[in-house]
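Before anything else, here is the set of structures, which you'll find just below.
Two complexes are shown next, each including chain A; its partner changes from chain B in the first to chain C in the second.
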Partner chain A sequence: MKLGGYMGKILEVDLTAKKSRTFPTGEDLIRDYVGGRGFVAKLLWDLVPRGADPLSPENVVVIAPGPLTGVFVPASGKVHMGAKSPATGGYGDSNMGGHFSPEIKYAGYDALVVRGKAEKPVVLVIDDDKVSFEDAGDLWGKGAITAEKILKDRLGEDFQIAVIGPAGENLVKFACISHDFGRQAGRTGVGAVWGSKNLKAVAVRGSRTIPVAQPKEAFSKAKEMYKTCFHKPGFKTWTPYGTAEVVDWVNKVGAFPTKNFSTTYFERHNRINGQSLKERILITDKGCFGCPTPCGKYSRAQTRLGEVLVEGPEYETIALLGGNVALGEIEEVAYANRVADELGLDTISAGNVAAFAIECFEKGLLSREQIGRNLSWGDLESVVYLLEKMARREGIGDLLAEGVKVASEKIGGGSERFAIHVKGLEWSGYEARWAPAMMISYITCDVGAHHNRSWAITFDVAKGRDSLEGKADKAIELQHIRPLFDVLGLCRLQWVEIGFELENYAEIFPMVTGLGYSWEDLIKVSERIWNLTRAFSAREIPGFGRSFDYPPARFMEEPVPDGPAKGKFLARESVDRLLDDYYAKRGWTKEGIPTRSKLSELGLDFVAEELEKDGYSI
Partner chain B sequence: MKGDPAKIRVTLSAMGHSAQYFPGGSGKVEIYVTPPRTLEGILEDLCVAKDLFMFALVEDKKVGFDYVPRDGDEVVLVSPVMGG
Partner chain C sequence: MNLTAYSQRCSGCKACLLVCALENFGLNNPKYGALNIIQHFPDPGTFEVKVCTRCGTCKDVCPTGAIEMGDNGFFRVNSEECIGCRACVEACPEKVIRFIVEKNVAFTCTGCGECVRYCPREAVTDASGEVARA
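What follows is the complex of A and B.
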């Protein structure tokens, strides 16, 4: 099948044997999973051996652009990266922008599959058809941003590079993959999987043209799409602040993570908001491939620990390495951001872990002797110290590098109550004690407590924040739409932030690919993928089910102590009602496992057979 | 009401995902109000929660929800950013 948007082959690399081969991008794979996140999910299901240790050579890395990546569709620079997650033991993926994704297509591939483990640290270099394994001995131990710069100098500016930092090398469970000096695939510990394979970096350069089914029509539609973006009301106001703009709003509605989510209102929010970023540290904007609305910001910040240049900080970093550890100056957040980026740490999880450690110290569950110093809220030195320790697994950092779930199980003393995670993945930047739609979104997210599959807090505001009605339906609707962007290889911010209509994507998809899918067909694909990723976790995690979908006890039992959400919490009975509703609407069992009939409806009979083998009653 | 000399015309446009919660889901309404009425008051009249928006813009300049629109104003309401 020769379709537009696809290069027709997948590159498979065996790091153990230092060999590579290609195989055709299967017609079934394209038809049922389309690309990006869909390819990641299906290839992981097929290729990861049941029960594989996520940090063993058996685990498999899949890196996939989408069918719209790298052509002239606005903001078509997203790449999806997946593996069995070392953070959760289940399905794991993360995506990032920049320019890495289109280059994979230009090199001729619809996906990269990386297996095995190199004997020594390597850089995987893909130069069109030529695949080589370059020694990375001199790069091992180097920071992610430093290593990327060295590789750019060594290989040439036209190579696009994705790289891990010391955290990935040291198998930190929330290590990220970095690209373009500040874009990260941050979540689920995919960087640690690279580290476990001695894979320091992947460098790609390509010279091919991506075929397009109806080039004239697609080009004309894409031009119209850019124009529409530029003329949206408010377009001019969106770009200067980027995602940091939302800090004040999240604080105002009582959802801003503060001091390890002990409260949801941070008094110093106006020192770390979009205005502070713009007026005090911003140098210039930065966009990803084909982006009409660049949200990236280059900043320069001066602190008592020194000066840094950093891409960011983005909202999530401000929330978790700002409010959540009580850093109250934007310069300090930028400094911590840069430290985490260079170490190759996911700022969301790292901010959670640092806050957890500070609270443990405050409550006497970790001593000064165990930590190596005193810790306090709002103290940049404390935060930087913890980031360094966890990335290098030194001292207390060895325990913290496991993430808050494992750390709390070892520390005990009731610390599980304030270990803020779901399924082992730390919570991102929206507290949900007074936002049931956001709560059900977080706890049912397929990778753990992550916001990007469904962001539903405005639905709570619109429909009533104490009401549970319709909240599960909204989460499901968004869990199909939002990840579809990850399937297509697109950024979703244009749709979300400036109201760019979904119809545009529905219209251009067949023009690029030649696949006659309607938007509803694509949503069905997204639902298929959602069920497959849930089933992957059920296959890989013994006893998987409802008990893995609960939020931390803090959110179910501790009323918010102050601010706009004062007194609010979501009791366990309410969480159970949300889960009951969600599972029923999804066609899952009361334990949250996809039923045979739902799997059959989605063409996933092979999945049902595997789950039945595991003893699930579906 | 159109034609009532005591009222002024104000156009409200919602930018981004909160537009779906506007009356009719269109994200844009043209209304006639008796001045002086704050933006917050106008949204209350429309049964639209002001917390659905981060801020408002008039002629590309940020205004608060205490802003009192003038006749012919086109007010853009900006939805919260998500992600990062």
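What follows is the complex of A and C.
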């Protein structure tokens, strides 16, 4: 059977030489890594020179849709963006929705690889087979939304554009990549890597048809999948609010990031929840490609600082640029959201950094002179001031642009205790002092403190929040299932939010691709990728292992002061028990490095050899 | 079948374009969908949906008479007579006629109703009530 879902080639661009070439999408690459996140992980392993500075021309950008991207399957608009992370020094990737990913497929590519560094700022323009490098001198310094609009006007509305803002240009360690006026690949500083390469934007347009292995069967199954989604209760109850729907629940269970995670309940939650968004600021729902349940909420918000149009705020932004800095009106969160989007800052990390700065000021560790003004919780001006400073690396912003890990090391005075990160990546929207499954998910996430690999807090709530039993197993199970969507090039929210069954994906995958993989086979691929990304970090970060897998001291030593989780914390001994359990179940050493036998079982002997070279006892 | 668009319901997902191209040609390519989704972002932040209004401009401009009204009231392109000049594509006021490269033929909305069945938002509907969302 002919392979479907793949375009058959990968585009490699050398920005230094301003040249491009294509090479066939390897059969081995497809067999072992399938696509999307799998391609990102394997190509980074192969192409990034050992020890490369993440912000040097040696680093490599990999952009990969999946085999189901752009195919008629619900929500097939996701793209995976990877590079060695400037935030963590290890494996880095981020996932983005919108319409950029399908366009890469229609242009004829299974992935884009970008190497080197352009002499001057450029826009990489890919128009089917034609690849060109357009001068971006006039766009450099412009906001991400402004620059995207200029490029749309210049190139045509039918180009799909991914772009960085000033934060990426200024090598802010948590700069994002933006697309479609509100979608971002936010995490791990992938935008800074683009900035280091003088890559302002990538614009893609394609006209091709994606081949499908069993077209009739796949079409019929996809129709059934859409129809099933339409009739799930959540289709009607969840969609109108999108991800903001969960604000009240996270507060109710005492897990909402509030005032730099000092507490976990925000009394103004009902001013920044999904209801507030829908009733007060929403203009239209805005969907990614083929999405039956669009979570994108395009809004117009009026504040004392002015009016903004913004896609969002979605849950993570509400948590980190809302509760975590104590902004208590949805309009204010929307305003901060728009400022961060235009500057090209990841709202999750930026919200953490702003909150960290406010707490440092409150505790006298940063002075008014150092900062340039007073800072206070719940003050929109303070937040906007900090966002502008960090994106432009002005004054205190130069230190804050390094992220909370580096900033706390320089500021000292015990600020490491409340620098809320793992591995150098700031914590996303679920506080985990009273949620062991969520805690082990965060501390073992391959890119740092991110929830998307395993969102296990509902498991904690269902199975008992004080118990450690079965929590590592659940994290591992989810760490294989959830990233699989990033491999296939799909959004997982239909499964997560409206209960659309996983079996559907297992059924349609072989129909589209012609690869006779069962769901278990795909889970094995996901496990292979998980071990490879862990090994990438071990290869790139000297002394990597267990010591990189701890939460900040605040979560292990400070009881939650109020709210539903009052008095709770997860002691270091408990964290150690979770880690021991997790490493054992994963087939890793007690130091958290994949063993030779596990790597062999996964067909990763070449990885074992490299880790042994580095002196890891595996 | 009376195809009617409600732009304010559209989320811009383009499922309609993909299901259209698949139903009519078996091709997984939204560029072949006989609808037109226009986005107005970042300001004012709205979508605009264009569907075939059966105005007949395509029939009028076709130099070979390849376009005629079918039994269901929608126009059809006779692939034997279409010479691929794309006059109809250019002339269509709604910009909802496509040229299918693989088949070397112009394509106008056939009124098949698949966009109505699979638009998650009911932004494309059948005012006659014959076809509804799946």
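Criterion: the second predicted complex is superposed on the first by the 615 of 618 C-alpha atoms of A that agree within 3 Å, B and C clash if a C-alpha of one lies under 4 Å from a C-alpha of the other, contacts with A are read in each partner's own complex, and residues count from 1 in each chain.
Please note the rule applied: a residue touches a chain if its C-beta (ideal position, glycine included) is under 8 Å from a C-beta of that chain, and two chains touch if they have at least 3 such contacts.
Given the structure is predicted, the values throughout are model-derived calculations rather than measurements.
Engineer: So, on chain A, is it clash or fit between chain B and chain C?
Structural biologist: fit
Engineer: Between chain B and chain C, whom does A:368 touch in the aligned arrangement: first, second, both, or neither?
Structural biologist: After superposition on chain A, A:368 lies in contact with neither partner.
Engineer: Who does A:31 touch here: chain B (first), chain C (second), both, or neither?
Structural biologist: Neither: A:31 stays clear of chain B and chain C.
Engineer: Mind working out whether A:210 is in touch with chain B, chain C, both or neither, as first, second, both or neither?
Structural biologist: second
Engineer: For A:232, select first, second, both or neither according to whether it touches chain B, chain C, the two together, or no partner.
Structural biologist: first
Engineer: Once the shared chain is lined up, is A:315 touching chain B (first), chain C (second), both, or neither of them?
Structural biologist: Only chain B; A:315 stays clear of chain C.
Engineer: Taking the superposition on A as described, I'd like to know which of chain B and chain C A:180 touches: first, second, both or neither.
Structural biologist: second
Engineer: Please state, to the nearest 10 degrees, the angle that the Cα centres of chain B and chain C subtend at the Cα centre of chain A after superposition.
Structural biologist: Angle at the centre of chain A: 80 degrees.
Engineer: For the superposed arrangement, tell me the lowest C-alpha distance between chain B and chain C in Å.
Structural biologist: 17
Engineer: Applying the document's contact rule, which stretches of chain A touch chain B when the two form their complex?
Structural biologist: Residues 232-234, 236-238, 242-246, 248-250, 252-253, 295, 314-317, 429, 451-452, 455, 457-458, 461-462, 492-493, 495-499 of chain A touch chain B in their complex.
Engineer: Under the stated contact criterion, what part of chain A meets chain C in this complex?
Structural biologist: Touching chain C from chain A are residues 70-72, 77, 99, 102, 106, 145, 149, 157, 180-182, 207-212, 215-216, 219, 223, 226-227, 229-230, 283-294, 296, 298, 300, 309.
Engineer: So in the complex, the part of chain C that touches chain A is made up of which residues?
Structural biologist: Against chain A, the touching part of chain C is residues 8, 11-15, 18-19, 22-23, 26-32, 38-39, 41-47, 101-102, 117-118, 120-121, 133-134.
Engineer: For the complex, which residues does chain B have touching chain A?
Structural biologist: Touch list, chain B to chain A: 13-19, 21, 27, 49, 51-52, 54, 57, 60, 62, 74, 76, 78-84.
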